[in-house]
Amino acid sequence: MHIHIINPNTTASMTQAIHHAAERQASTGTRLTASQPESGPVSIESHFDEVVSAVGVAQEVLKGEREGGIDAYIVACFGDPGLLAARELTRAPVIGIAEAAFHLATLISTRFSIVTTLSRTGIIAEHLLEQYGFRHHCRRIRAAEIPVLDLEHHPEVAFQRIVEECCRARDEDDIGAIVLGCGGMANLTQEISHEVGIPVVEGVSAALKLAESLVSLGLHTSKHGDLAYPRPKPFTGQFAALSDLHLPLK
Amino acid sequence: MHIHIINPNTTASMTQAIHHAAERQASTGTRLTASQPESGPVSIESHFDEVVSAVGVAQEVLKGEREGGIDAYIVACFGDPGLLAARELTRAPVIGIAEAAFHLATLISTRFSIVTTLSRTGIIAEHLLEQYGFRHHCRRIRAAEIPVLDLEHHPEVAFQRIVEECCRARDEDDIGAIVLGCGGMANLTQEISHEVGIPVVEGVSAALKLAESLVSLGLHTSKHGDLAYPRPKPFTGQFAALSDLHLPLK
Amino acid sequence: MHIHIINPNTTASMTQAIHHAAERQASTGTRLTASQPESGPVSIESHFDEVVSAVGVAQEVLKGEREGGIDAYIVACFGDPGLLAARELTRAPVIGIAEAAFHLATLISTRFSIVTTLSRTGIIAEHLLEQYGFRHHCRRIRAAEIPVLDLEHHPEVAFQRIVEECCRARDEDDIGAIVLGCGGMANLTQEISHEVGIPVVEGVSAALKLAESLVSLGLHTSKHGDLAYPRPKPFTGQFAALSDLHLPLK
Amino acid sequence: MHIHIINPNTTASMTQAIHHAAERQASTGTRLTASQPESGPVSIESHFDEVVSAVGVAQEVLKGEREGGIDAYIVACFGDPGLLAARELTRAPVIGIAEAAFHLATLISTRFSIVTTLSRTGIIAEHLLEQYGFRHHCRRIRAAEIPVLDLEHHPEVAFQRIVEECCRARDEDDIGAIVLGCGGMANLTQEISHEVGIPVVEGVSAALKLAESLVSLGLHTSKHGDLAYPRPKPFTGQFAALSDLHLPLK
Amino acid sequence: MHIHIINPNTTASMTQAIHHAAERQASTGTRLTASQPESGPVSIESHFDEVVSAVGVAQEVLKGEREGGIDAYIVACFGDPGLLAARELTRAPVIGIAEAAFHLATLISTRFSIVTTLSRTGIIAEHLLEQYGFRHHCRRIRAAEIPVLDLEHHPEVAFQRIVEECCRARDEDDIGAIVLGCGGMANLTQEISHEVGIPVVEGVSAALKLAESLVSLGLHTSKHGDLAYPRPKPFTGQFAALSDLHLPLK
Amino acid sequence: MHIHIINPNTTASMTQAIHHAAERQASTGTRLTASQPESGPVSIESHFDEVVSAVGVAQEVLKGEREGGIDAYIVACFGDPGLLAARELTRAPVIGIAEAAFHLATLISTRFSIVTTLSRTGIIAEHLLEQYGFRHHCRRIRAAEIPVLDLEHHPEVAFQRIVEECCRARDEDDIGAIVLGCGGMANLTQEISHEVGIPVVEGVSAALKLAESLVSLGLHTSKHGDLAYPRPKPFTGQFAALSDLHLPLK
């Protein structure tokens, strides 16, 4: 089984960290690859960053479809950028790390809180909770107020702030579990979890397991109805290469 | 990894069928066992049946906890009877097949319909959809109007009616996937799916994969907050054996 | 008119207290009886306790149906355990004390808060509010953090804590009324209400009045659709006596 | 116990019919009176009619408060016109017949449909369902397409159409009970119910029972918070008599 | 284009202030008139005040329809009293200032808070948010605790309290904009906005612009379905003049 | 006042048609310009098309900000692609045509239906209705099953199908208004409206009016909270030009 992780931002070191964190959780028989778009923002901290990164996600899926052999994709940014577009492009399951974390958190607790990076991204999580159906399962969205790349550049400070915010969530929010709201936190999960002492759900590993689950069940993205392959059509300018895609590619 | 499937009804042949269907989907390294309560209804087709079966589910979990070594439990009836009670009794993940099917269906489609056995059980599914957050992801709850045990006694007729209802769902409901609404359909999934031609999600295998996922991630049922072990106390009469449970058992 | 109160826990003294509290509110012409299951937990403070008690509730309804002459049942535990199952078993109205309190509270205020015993049971109330439709009418679920039986063993302390929490609700929650979240508080209502100075709704008396209302209107539990009598079938083991119930009994 | 029914329209014969229907359901010890506003529409079939009638409802409550001795009020039009205003004017419980019917219907069925007079009033019921929390308990709002006063002028035709629409609801809507959506149907309830064969809930009798319930429990409309007596102030013109009301009147 | 503003309370000086505030925002080519009902409360601070004022609103619309030439109406009280009734009476668009402010606030922010006069009117705003669909866009309803007419009588104190509450909303509520919850604040908007430093949306000007928008697009209140003209019928007593309205007038 | 319309697809003739339709509705004093992205799909009929077009929308806004002098932007595709991203990039109001049509439709009717092009895009509208709060105001999403560019290439056929579907909506959906679900229908609105005979709301003109409204009120996109300018950062590859944007541009 070949699962491909797409880090929607273009910071290769973060791709590696995510890849590495996922490797530790991959099942025997799962082959993991990871990539980031060639073009896009180095981190995703706004709707604008997200919009640009979503194109990169789609392009990475198309690249995967062209190369073939990929059984599932993971979109490893907590806003799940381009998720439904990615699903249109392939029969393979595509899992976002926000949705994955939400799903698993509801299986081990009745209510959870999210601890994310910057408070300005809270609205993205809020909209996803509404769309996915988990609005009432999430008690509160909290921010550690650390820029995404500080997870790479100042990991100790970032770690400390995240742990502190997680502890506040645990003590004040009437919850059973915490969802970590950034792909860049993937490699910190175990230590955070150890410090906080209640279940901490991280999206990359959650998505990996959901992807493995769907693949092993033979469940593919539905091509009946609104996730069918997009109609082929001309694209112009710098997106001309997307023209007349006759999906599925072969 | 040891996953134990609890068939909440007391029909051993159905337990075997479910066990068998699950075996085909189990990962290497997963040891599967299955049991049904000693006491309870032979099938679950009403709130009343469900209430009685929920005690059986709890008792099977306690039996498992006493024996030890179980990493996750599956509650294999589409009403998820006793699910939250079961979660209180153990640190191991406990997955219901209705929730499992709903979760996976939302990952491969934007909207799904349910095809269940008897229309009178539709309200149970409806309440679960509301509690879990999937009310708006489910377009319609349909019934093939076959009693649960007909899945065992008249499998051809049952199969035919289910397929017909699934096809109606596919053609009329503006959906991308179908959720099968009965544990007893587990061994028919592949054939149904083949006939219907769109993704068909069945809860036993879905729950198996979610259970494997949580276990492999080290995520356990939260013991912080409202799923903590129940307070020990006296139970009377035929339930006296439940008295003064000092969980976790060891 | 004969109304039978089922105390879902097995503490006979609490049954008596509830019975006594209800007697004070019964209309002329209402004959009140009360019982508790022979088997089950002495108090209900978790999903697990609730699951076991729900069987007891069903059995008490069946006992009532066998004896005959009961016009309505009350399920006197704030989680309304086994309510829909009980409704399936009889044409008589069956009222839960949580739903009853919620209904009446919305008739005299626009928003209310709940003051219950232990915070771990808050999730049970939360799920009921969602199912019944009152999620937005309840501002907050508060706990006095007293075990249920302390209402019997340490009534003064319990009373004091409940009053304090009710006063906090009154002063902080932007509400018009308080719902008491435990059947064991039934006999304290008037004193609590006197101390708190705003309407305090208690479920046992509320349920009694709703039951009297339905009976006097000739409204019975619908047997059309999903609350129809359960299909008769074999039950095994300690529940064998539930086999092949051909309801209505007679 | 003195309960006063306010028929919000000004058709005295309808007041009498409602009064008469209610009398049959009143408990021993309940004294029933009924009135209609001096001013207002002869029937209520639009938002406009409702707005005018709401003033009449308020004025009838004030008249009752001036005379004193009224323990509860019923607002006997299915749109519950002026309900919250009426509650502000008195400590006595005030019950609307729409809310009353919804509440009782949810106690005897899991889902209901409404059969009302004209389809144009459906939106009023829809808004009430949303505000009260019963949106998901109501499967469908149906209209018999009969003007309100035809219930008086052409009772046989009206009865026939209502019964037909109720039967359609019963057969097509996946429900357990029907709510009659007009006060003018109060005296037809038993015959309709007999024809339709499933529980039919009518609001006047339902409201009567809820009013009796609250009074006998000593529960009054909360004067804490947003249902407190209105601040006294000048009113001008034809409403000058409402000026400087120092409630409670004495 | 002739737009008529109805101040639902009867304080002419407030009508003038609202008219004046609106004039500053009117487009070239928009002729603005304003009136208040002849009869009704001098301010609207309760459901009771609102119910009475709603009749005045309807009467002002009828007056306008009789005179002719009015292209749109504005209902200038934050509870939108009589809004749907007013819409029934005319083909012209009718805009409430609460709805107008909510609509515009969601176009420039993702979440807003309301700052209103008295906390007792919060429930009115809450019900409107629910009915209009903006429940989740509003983080919090705050009150400056000033009676409506203090906006006229003690403008400096009122201004100060409103600004303080707006600043608290800005700093504590995780919002992008503030909605002013009283028509009487219309002439203070710019100064408040200047003090608070984030967008402040006031309903009168918002409604004016929405009215101009609809008129210039040729969009009229739908007469198809539930906003059709009311059926003509007798009205009695002080409302006899409303009898047998054959709308549209003329 | 300078309002710039962005047609998110790259079909210049459609931009012109939209521009032309808008011109007819622009107020005196409004200067209208229109453009389409240099790069992107020629029509938007899937999540994939939408994701690519959203980048184009953002780039057109940046181009506008660089040139300066634009008072508001309109995103003229019914999925509102890139709307929140666009809002982050400018203080000017940015209005999507789907949201605009929804808002105005709720002001002239209580319930509406949408008639869009292809049924596969219904899910996009459904998600927007949920996010914006209008889920319950929309009775049904209907598709005329015409590809977007057929509006240009086969206008008569397209017109006919749209009118037919609108008439079905009018007759079957219990609505007061219809929302046209495609920017390409902008120039057909008046004729459609004439054929259908009930209010038909089209998003381009609706957005134009909302944009004019906000500008004339001096209401800008909030820069407080989650719509603040994005943090400047490196972008790579074909998006390198987006690097280190220090907004606001000057």
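Going by the order they are written in, the chains are A, B, C, D, E and F; count residues from 1 in each one.
Assume a contact is a pair of C-beta atoms (placed from the backbone, for glycine too) under 8 Å apart; a residue touches a chain by one contact, two chains touch by 3 or more.
It should be emphasised that the depicted structure is a prediction, and the values quoted were computed from it without experimental measurement.
Note: the chain lying farthest from chain B is E, by mean C-alpha position. Taken over every residue number at the interface, the positions common to chain E and chain F amount to over half, indicating a same-residue contact.
Averaging C-alpha coordinates per chain places the centre of chain B 44 Å away from that of chain F. Per-chain Cα centroids separate chain A from chain D by 52 Å.
Shown for chain F are the residues that touch two or more other chains, namely 84, 87, 110-111, 119, 122-123, 130, 135-136, 174, 225-226.
Chains that are in contact with each other form these pairs: A-B, A-C, A-E, A-F, B-C, B-D, B-F, C-D, C-E, D-E, D-F, E-F.
Put simply, chain E touches chain A in their complex at residues 110-111, 136, 174. Of all residues in chain F, those touching chain B in their complex are 119, 122-123, 130, 135. Residue ranges of chain A in contact with chain B, taken from their complex: 25, 27-29, 84, 87, 93, 95, 99, 103-104, 106-111, 132-137, 170, 174-177, 197-199, 201, 205-206, 209-210, 212-214, 216-217, 219-222, 224-227.
Remark: chain B residues 10, 37-43, 45-52, 54-55, 57-58, 82, 84-85, 87-89, 119-123, 127, 130-131, 147, 225-226, 228, 230-231, 233-240, 242 touch chain C in the complex.
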